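Next come two complexes, and both contain chain A; in the first it sits with chain B, in the second with chain C.
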Partner chain A sequence: MSKTNAVARGSHVGRIWVIARHAFTQLVRMKVFYFLAVFAVIAIASNFFDLPQHEGPESLGVNVLHSIKSWSLGTMTLFSVVLSIVATALLLPKDVEDRTLYTILAKPVPRIDYLAGKLLGVLLLVFVSLALMDALMTAVLQIRTTVVLGQQLGMAQAQGWPADTVESLRRDTLLNGPTWSLQGAVFAVFLRASIMASLALLISTFSTSTLFTAIISFMVYFIGHFQADARAVYLHAGHSGESLAGRMGALLFSLVLPDFQNFNVIDAVIEGQTMPLMVLGKLTLVGLYYAVFFTAASWLVFAEKEF
Partner chain B sequence: MLTLALLAFGAARMPFEAGLAEDIQAAGLMPPKMEIGTRDKIGQTSSAVALGGLRTLVATFLNLRAFGFFEEQRWNDVSETYGTIVDLAPRTRYYWETGSWHSAYNAASYYLNDSKLPALRRREAWRAAIFQGRAFLERGIRNNPNDWNLLSSLGFLLADANKFPAFRDPNASFARAAETYHRAWETGKAPGYVRRNEFYALARVTGKESEALSLAHELYTEQRNHVPTVMILLLVLESHENPELDVTARAVEIFGTPEKAYEALASHWQHTREHFPIYGVAGALKSLEKSLAVSPDKSIFNKLLQSPAGPDEWFSH
Partner chain C sequence: MVLKMCLPMAETIPAVEIVNLVKDFKTSFKAQLLRAVDGVSIRIMPGEVYGLIGPNGSGKSTTMKALLGLVAPTAGTCAIFGKDSLKVDSRNDVGFLPENPYFYKHLSGAETLRFYGKLCGLKGRDLEDRVGELLALVDLEGARDRRIGGYSKGMLQRIGLAQALVQEPRLVILDEPTAGVDPVGSRQIRDLILKLREQGITVFLCSHLLEQVQEVCDHVGIIFKGKMVKAGRLEDLIAIEDQTEIILKDADAELVAQIMALVRRSPGASLVRTGKPRTTLERLFLRETTNREDGV
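Then we have the complex of A and B:
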């Protein structure tokens, strides 16, 4: 008996890992990585949106750095959200269709292990894809930042800027290059995709079709960006005199739907701001909390399901 | 059971998420909510993309569109597009600076030279474009109060010799420029030239000569500030403070030789239209011309003053 099989039989972790690897392979065979070629084109093309500048060395080329970050993180967000929803929505119905699900559940595999494994497989795929895109974005950004900085410093020296001014210019420009905050923003993109994947998993346990799961998940994704507004209406209702029904509606809305507005810190990072580690840590806790809850809720539904 | 779990889960996470939102707000990382007007302007599809957490991406698209408008010299569209862009990405300095630049510099220059319009209308359009650029920068500063670059850009616009004639009271304009540069300097991030620019603006405010002289003395203590404009303004302000001062002797002391002193004073005299003070300059120039035996045809007083002139000349035909 191989070591992997022994692990798979012996522990939850082992079983989950085997199912996750299988789900990952299954998705890779759907040729999702072709998207990386599209991303490479986008990342490189964003280098060419070099619009005219209006001032001295301090503005030279900064727009291109914004453009690279904005296009890259935007593409990552779209890709990760679409992939996490569609891939998760596909997995369960596909296993039923291929009758793989019956084979797995006929064995002593707890249903929670099956669900967690499937989710982990999707997350693994999203993570690997984002890591590859991140590496490409960082490389393009690093090269371009070096070029921009070279041009700026050359112009500053030609204009006879003093050393402290040149240093201030260098610091400002590096903030728009590849920073740890930017890596944090990519991780926040992954966390948001993880929440969507686990939510799609929950929906797919009671959904009747892949399309239904995908549509509902996308709706929740968009509405989730307003959840904080509903929460604010509930929490500050006394100030603006909402009716009891309005307040209860806002409460229900904010209890049921996930809050995605906090993840908009990504925009601030693209704009050159620094994301404190504490904020990233709290976002990670939020992501984990949703993923664990939605997976547990999926299990509640899935455990009762007859096949 | 699931509904109950969902509600309990929601109740448990709500305070944490509300606290996190406050932390993010406090760190200045949360963009303001998108206005309904902005949603209308960018259309349904872009609204959906922006609401899906991709506001900066939509702003990047719009920036490209604005560039197209700029190339076609559709100034109202440029201005409107930048208004939308900064609603989407209010922390990106580039958009504030570029939006203001298009109005105050590109559109204003266009109206300065647009031969299709009568002079009076060109003049009003020129003035309106500069006002619009200024207002845009001021809005940018309200959104990013600690950005020294934006403050410095506003100071530059208000003290720019080609722009300040658009403002009815140049004195107030220079005072505001000095105040803006000072705010930029107080952020602690601005380079040394911002402090000098504050001085250049302050020196042009009638009634603030003593304050300007104090700043000149402060600047002059550092070798890196021994640039011609600081040196000449120090001399001029000292002359204002003490009308009995021997300006010629002091000029030679500051610049080292009578030739260098004459060159610096002559250059300063040539820039009279930029509203720099000239207390004692004419007398010192005459004295130096005499001692250096400058022939009348080469005298600085027989040369034309340098541009810029002013709107009366620009829009005379």
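Then we have the complex of A and C:
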């Protein structure tokens, strides 16, 4: 008995990982990966959304590369946000309802370990899903970029373009293919989903139902897309924005509610622009800030909760 | 019993010590509070089997939840082996089976025990050995790889008891362990509780099945409307002090007549009742439904 009790305490990291792996398995066995089949269909179908063009070789086939990226990243966003909100909103109330939470908290498991484990499990699932979707998108994009490049170079040579212009065309086209910026955009999608998962976790600690958590989370998600505009309008209209209280209120608002306009860089990547490392670093810090803030707030509520 | 006598001095610390526990709950849309537990005190020494009995809504489960830190006391204190129940480390020494437990349906019996074992820091060979040992103890080796979703009520209770024991706790808390279980399953759980008692593990259970409590517990407390109305050693509480019971086997009518005549001659003594002791309906049911040689 003493031997077992000596190791029974375990470590925070160990317990969080056990709960995270379990939450991941639980969600996988709910067959959420079936969505990947839908994604595969969308990624392949986006190959055929090629609008007819009558310009020169420089824009030949580029639209279809944009289409693949746009549809794929759009689907990834939809899937990751829906999954992170619904899965997080589901896990906590289900454990309370089934009384499995009693048996877990009756073990030497601090409540923060339980919360962090559940959140990490959801994030693990979102990460693996995005990685699989990313691999599929990159593969489709690579194949199509090779085809487009071949067509463009063929037409450019037929029209007798100079070598340096052809090289410039090749570089521009490759920027629309699978790039590190595109991988950065996928990571940004993951960061946005992480913020939403931690927010859903916070709401589910005081919510009475999964539906309520999901609705409020989606509302915050939509508000997050125009909160920066709303703040700007408020601060620059009338006298309220000039007062210290008004400015502090606006600052507090932005500290509590995430500004998803920061993630508009994903659209720029779809258009073939490069995502600077600094921007990705800033997004990572923003994501970390909100994830830690919401998780800490969840813990404050959950630590006092009675079952 | 021998185990209890050999317990070291450290084991004189009560396994459970609840002192003047009060728990109020807010009622919805009303300012008034509902007092679920009102000044309850319980002390359970190591190795005892304590039964808390009372009608539905009397405060049994709330008392247990307060002991496990699932609810915070409004007043009073709860401790497990001297450690405050609100502290996580108090739960190193306790296993809990809630009423009507539902475990993760997507896990098998063995996976469920592995999950709870890992939460307690067990791993590797130790964990696998413990899982096998517990499945054997609760007679679920045949269902170790079957999903919990397909378990019967009795099997759920037994796997629940196994998870409560995974880290070899010194105290096991069981909330209505036989609720909704058929007599055969109920008997298996009772036998398991008796095994725990033999191993010197302290058991704190609540139930409203009085016959079962009487069979396994050595101490009981009766709780009613949140207050402890009676508590003590079971034998002391149920003994009728001014009566004596003699049960004879193969006694002929003449011997019985002689005894009755002797009683009549004794001043102050009177015969209350004679007759044949009866088995219980439960024992009859068990005899007729288990281990039948004809295999019906």
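Operating definition for what follows: the second predicted complex is superposed on the first by the 272 of 307 C-alpha atoms of A that agree within 3 Å, B and C clash if a C-alpha of one lies under 4 Å from a C-alpha of the other, contacts with A are read in each partner's own complex, and residues count from 1 in each chain.
We take it that contacts are C-beta pairs under 8 Å (C-beta built on N, C-alpha and C of every residue); 3 or more make two chains touch, one makes a residue touch a chain.
Quick caveat, the model's predicted, so the values are computed rather than measured.
Asks: Based on the superposed arrangement around chain A, label chain B with chain C as either clash or fit.
Replies: fit
Asks: Give one of first, second, both or neither to describe whether A:I215 is in contact with chain B, with chain C, with both, or with none.
Replies: In the superposition, A:I215 touches no partner, neither chain B nor chain C.
Asks: Using the superposition on chain A described above, determine whether A:V32 touches chain B (first), chain C (second), both, or neither.
Replies: neither
Asks: Comparing chain C with chain B, which touches more residues belonging to chain A?
Replies: B
Asks: So, A:L174: does it touch chain B (first), chain C (second), both, or neither?
Replies: After superposition on chain A, A:L174 lies in contact with neither partner.
Asks: I'd like to know which partner A:E306 touches here: chain B for first, chain C for second, both or neither.
Replies: second
Asks: Check the residue A:Y102 against both partner chains and state whether it touches chain B (first), chain C (second), both, or neither.
Replies: So A:Y102 only meets chain C here.
Asks: Quick test of understanding: once the structures are aligned on A, what is the angle at the Cα centre of chain A formed with chain B and chain C, as a multiple of 10 degrees?
Replies: An angle of 170 degrees, rounded.
Asks: Taking the superposition on A as described, I'd like to know which of chain B and chain C A:L136 touches: first, second, both or neither.
Replies: Neither partner.
Asks: With both complexes superposed on chain A, which partner does A:P162 reach: first (chain B), second (chain C), both or neither?
Replies: First partner only, chain B.
Asks: In the overlay, answer first, second, both or neither for which of chain B and chain C A:G14 touches.
Replies: After superposing on A, A:G14 lies in contact with chain C but is clear of chain B.
Asks: Once the two complexes are aligned on their shared chain, state how close chain B comes to chain C by Cα atoms, in whole Å.
Replies: In this superposition, no C-alpha atom of chain B lies closer than 19 Å to one of chain C.
Asks: Of all the chain A residues, which ones make contact with chain B and with chain C?
Replies: In the superposed arrangement, which is not itself an observed complex, chain A uses no residue for both chain B and chain C.
Asks: In the complex of these two chains, what residues of chain A are touching chain C?
Replies: The contact residues of chain A facing chain C are 1, 4-5, 7-11, 14-15, 18-19, 22, 25-26, 29-30, 98-100, 102-110, 304, 306-307.
Asks: Write out the stretch or stretches of chain A touching chain B in their complex.
Replies: Where chain A meets chain B, its residues are 49, 51, 54-55, 58-59, 62-63, 66-67, 69-71, 73-74, 77-78, 81, 161-162, 164-165, 168-169, 172, 192, 221-222, 225-226, 228-229, 231, 235, 254-256, 259-273, 275-276, 278-279, 282-283, 285-286, 289-290, 293, 296-297, 300-301.
Asks: What part of chain C is in contact with chain A in the complex they form?
Replies: Answer in residue numbers: 65, 68-72, 88-89, 91-104, 106-107, 115-116, 118-123, 126, 130, 160, 163-164, 167-168, 170, 173.
Asks: Under the touch definition given earlier, write down the residues of chain B that touch chain A in their complex.
Replies: Contacts found on chain B: 1-2, 5-7, 9-11, 13-14, 16-18, 20-21, 23-24, 27-31, 33, 48, 51-57, 59-60, 63-64, 67, 89, 91-92, 94, 97-98, 101, 105, 149, 153, 189-193, 224.
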